[in-house]
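Dropping a structure here in structure tokens format, bear with me for questions.
Order of writing sets the labels: A, B, C and D. Residues in every chain begin at 1.
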């Protein structure tokens, strides 16, 4: 039992901090988010080629670093601290775990290899237009007729879908529900019949796309693993993604706290630094309380994911709900405590605020995760 | 204590409703939006202001000689309700009609009243407010914009230097009412004056401030040797703080009822969305919708309490709490809207960054707890002025 | 339209303030609440005989003053301000409206007359052991066999039931639900088969009783009004009672605010009156915001009850939910801001805190009333 | 960063569990309550303390020479968990074992360690804490209790005058560790000393304080010429503030885990009640139960972070936030309990005023955000010490 970061983990964090100090600087974030791609290709290349971060939680057998979810959480936390835009989350935290948990060894090697080396950017096409989280929201149908299969339907809210080389598409057999009939299909973005449209999203630092699949032909080798195992694999992958997102939110909360604390020390009103007023101090204290609780939840969940003790489902639900709330509270306070300037486009408070809102919705709202948790606690069904 | 209206008042209601309906299903049908914050089509909306002015519906509480109707409180309540019910557009002239006009009425000279009020109520001159500065946000007494009297071609003039911020509607305004330091070396609330300054002159520059919605409804306004005649000061020179405080108190007039009707339109849109997408069946959403609805009804009751008290000359306690109540309520309404809309609420309608109405409201509502006194400043005011608690020690700046 | 108190109403308030300054003083409240009866008989006699308050909202035809719900709200507010214990609420706000709305003119005259003159204390026996609010909670059955009727069952949570001369019992025909099969029965407390047991209640200033009815024989004249109208009458009476209770809660919130403000001005810590710290000031400001909103809700509802415009159901639900929350928040802050002393038995904070909790539950929790309001708003049924 | 335990640690766990099970299904079966706050049957519970001491389970982190086991952090975590899992009773000796003992270990003389620690861990001497005073609640530096050195029959002695309040367990204590002013004319944090004072003497009077639950778990303790030997001061005379602050930091040890297991029992009781009465089907209650459960898990994770950091000598940021987090969580748990129980929760179990366990918890939890630093004081500490914000101006008292 050692619930503190190891020296190696501290080194990873320091490297990330150095990287994001340059690549996550406000003007770079803003310049990147206004481009059609929505992120800086140079920064991305450095992250995945030089730093080798895309493979951090992937096994060495597919070219990864062989580390785990705690190390991934550290990177996510530091990326979140500066609301950095990049396809890291979609590729490494969403698509890669889906492939890893669903794919055969051969599929893992062929698909994760290019991800680990930074050659491929990937996205998970999961949720249909209705927006329901989890398996219930799948909006694509896999129609099998004889040995041919076709994908039909639409996935919306696909994080960085417009920038992906590889799509992992969640689909259902016609008429299926729940864990039945779910498949995951690996689909190169350029496949015939795939229409990708970048959407206007509230959070400009994490663009989303709508992906329409118009009778897209699929071969058997594109279907990941055994059909009956796909739902469980996807559920497992989503839990890991929720934990990675929670870690990112923790960083966002911390970033909001740090920026606002610095502002409160230098901004003078009524002849005093506003940070000397209890009205301001106590809200900053509340931000820190929320941020520290979020860290405990996220680190705990990442640890559970790596050590296979305890319940991952529970830890993920706790982390995603608490870190979402903490980040939103901190970002909302960041706007409020900056006064008028915090409401402008020029100030970064808006970036944190929108990221907080959007990441709270992504992969299930706090309310959704608390209801999941209630079921895991054995409270039975709601009335 | 009674909430019903007399037969005469009901007659007045019908008159107002009939006029509004005639205009808004007739010549001004294009303005029937019900949106409170809307700065599109300014010329068209100035036509609407003039139509209101011609029919004496622009500032009904004012004396007839300045374009009003000497309307009673009940009549003002009724008109505000009917105006919103008719989904009439937000008033481009509201800063003049609701803030500066009542200040001039209460504290201005007879000459100022005759010069400014009729054009205000007629929709011929528009106003913006110059209070906030980059270093005088919550702390208005920290104003650094300064003015000195100089000889001008037609007599002495105030010459103004400085910068104001959050000047909404400045781009459409003919005049600005502004708080400026007129006694050199003065600090705090002393030595300020309340000046009326023409906007169309070389020394005034307006720069839009882009907000987190992506739109620019506010401005920074720079005064660089801008001029106004010496007589354009309301109250005595150096007494501007008191005058400005009086203006702040006028923000609590019958216009709060109009604001509430705008809120009601937003709540109705959220309820509609909740019914459409099934969120209305979610017991948690239901609680929050009910809470929002209750809050709105309470705001109406509080407004009626305030207005009735104001009429009798008493300062009522709920007046202190009104601003923070509605601002906090509205901010929560924005969060509720987003939770009702779900992921779909986070998608825009057009590139590069055109958002849905309710999404914009969610973002815009974050400013409600900041402008016109942050929630923190409001709580200080309530604690010190309404509850009589000791003042916070001030720094020695 | 005149949404301020009239001069006559101001005089009623002043009279009430004078009365409660003496009869609602802390030591009198405490002495009274420790007696078996739970209230001061002298104070009660003054209220109902000298002041004539029991009949304030009753028509002159039955010996009342002929005023209305606004005047009743004023008395309730002032009584709540000092958490005064008395059977006023049970008699005047609960039982009397039930009789008035359900009873025939003859029943009204015979039953309300003694209430108006202060001869009779009454209680409404409504809720069974399950505790569900409103008609669904009725735990007593009215069994009719031929021309005889019998009451069987139990009502719990009967406010001041142990001190009542007259019980108004809500009963159901066997197997009925909803608005069907409800009756109201006037029952002298001494009737054979009536067992009244005073309960230990959290709020010592408002004792409750459990009333067991063991085959109590009832004559036709004891059944109030027409059977099919009883549910509607009871619902109407409960709305009026909710509004009166909301007014009382408003007074409680105001009392908590006043006491705590006074304490914050005199208590010195860290070399300053604690009321000069924003942490304290801003919570007191929040208390005032809540208290003023509560007043608006309660006055509005009382006004609606008197002028028959708008929706009483809606106004009652808003008032009861908001005033409950406001009182609880203010009482909780009263405890917190007094520090250690606020947690002791000797300090009155506990009386406000317990009254706030208990009155929040009484006649339906805030959550219950918000759900009612959701239905009134046309949101349809919950899932 | 890892959460699993080594095989040796698992062996230790089995040893602890076996011993506890043997005792609590055997000779101490009557004490198997799992209740943290319980002051009934004090003599019986002192027997339990002595049994713990004999088996060296009383203060396992202490050196063996003082009755401990030199247990590692992981072992302390394990023992705290197993202790709670076995529903062993709250520790009557905890103020000594967890607060005063570690202070003496860290800052006491060798003679003090030998004199006090073995009797503490053996359950032979019990302690209470004398910090708070009627005018030194949140502001500990305002202590007015004073002590002066006088000649006594066996050498110099401190003679103490003053009043302490909220002295829990004073009625069962043999000794009190108390902060008192020993330099005449000193103010604030200077001139205080940390004294160890015997309770069984003429100059000490205890008066119970009745709480809103109707029970009396706290006391006022009056010192009226009470005496203790000159050597019974921890740290240097006049340095008591620093010593007291060190004690406060020991409140964040492995005992937080035991506290959490007590909370878990309360939460389980609430969940059980919710399942019984149907409240568990209410979506709003479900949200709150889930939130409470999540908060408890987070507390555990935070404790492990704190403990691991403390082991490595680092001050971790979550340590600042822990007290306000659990206190606020527990207060909300009390409200949740009442909402789950519904009206039935407001009925007592026996006259004159015996309430249900969860109802008492609801009331008692209101003190959690007050004692050991109110939430307001906690936020100040976080803001000033952890975030480095400017200090609040102090009055000139």
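By definition in this document, contacts are C-beta pairs under 8 Å (C-beta built on N, C-alpha and C of every residue); 3 or more make two chains touch, one makes a residue touch a chain.
In this text, all values refer to a predicted model and were calculated from it rather than measured experimentally.
A comparison of the C-D and B-C interfaces places the larger number of contacting C-beta pairs at B-C.
For chain C, the chain with the farthest CA centroid is A.
The centroid of the Cα atoms in chain A and the matching centroid in chain D are 41 Å apart. The multi-chain contact residues of chain C, meaning those touching 2 or more other chains, are 272-273, 276-280, 282, 367. Residues of chain B found to touch two or more other chains are 282-284, 287, 376, 379-380, 392-393.
On the side of chain D, the complex with chain A involves touching residues 1-6, 9, 73-74, 77, 271, 274-275, 278, 280-283, 286-287, 289-291, 293-295, 297-302, 304-305, 307-309, 312, 317-318, 320-321, 324-325, 376, 378-380, 382-384, 386-393.
Across the interface of their complex, chain A is touched by residues 277-279, 282 of chain C. Of all residues in chain B, only 132, 135, 137-139, 142, 165-166, 209-212, 214, 284, 338-339, 342-355, 359, 362-363, 366-367, 369-371, 374-376, 379-380, 392, 394-397 touch chain A in the complex they form. Residues of chain C that touch chain B in their complex: 1-6, 9, 70, 257, 261, 264-265, 272-273, 275-276, 278, 280-282, 284-286, 288-289, 292-293, 295-297, 299-300, 302-304, 306-307, 309-310, 314-315, 317-318, 321-322, 367, 370-371, 373-374, 377-383. Residue ranges on chain C touching chain D, taken from their complex, read 34, 127, 129, 131, 156-157, 199-204, 208, 268-273, 276-277, 279-280, 332, 335-336, 339-340, 342-346, 349-350, 353-354, 357-358, 361, 365, 367.
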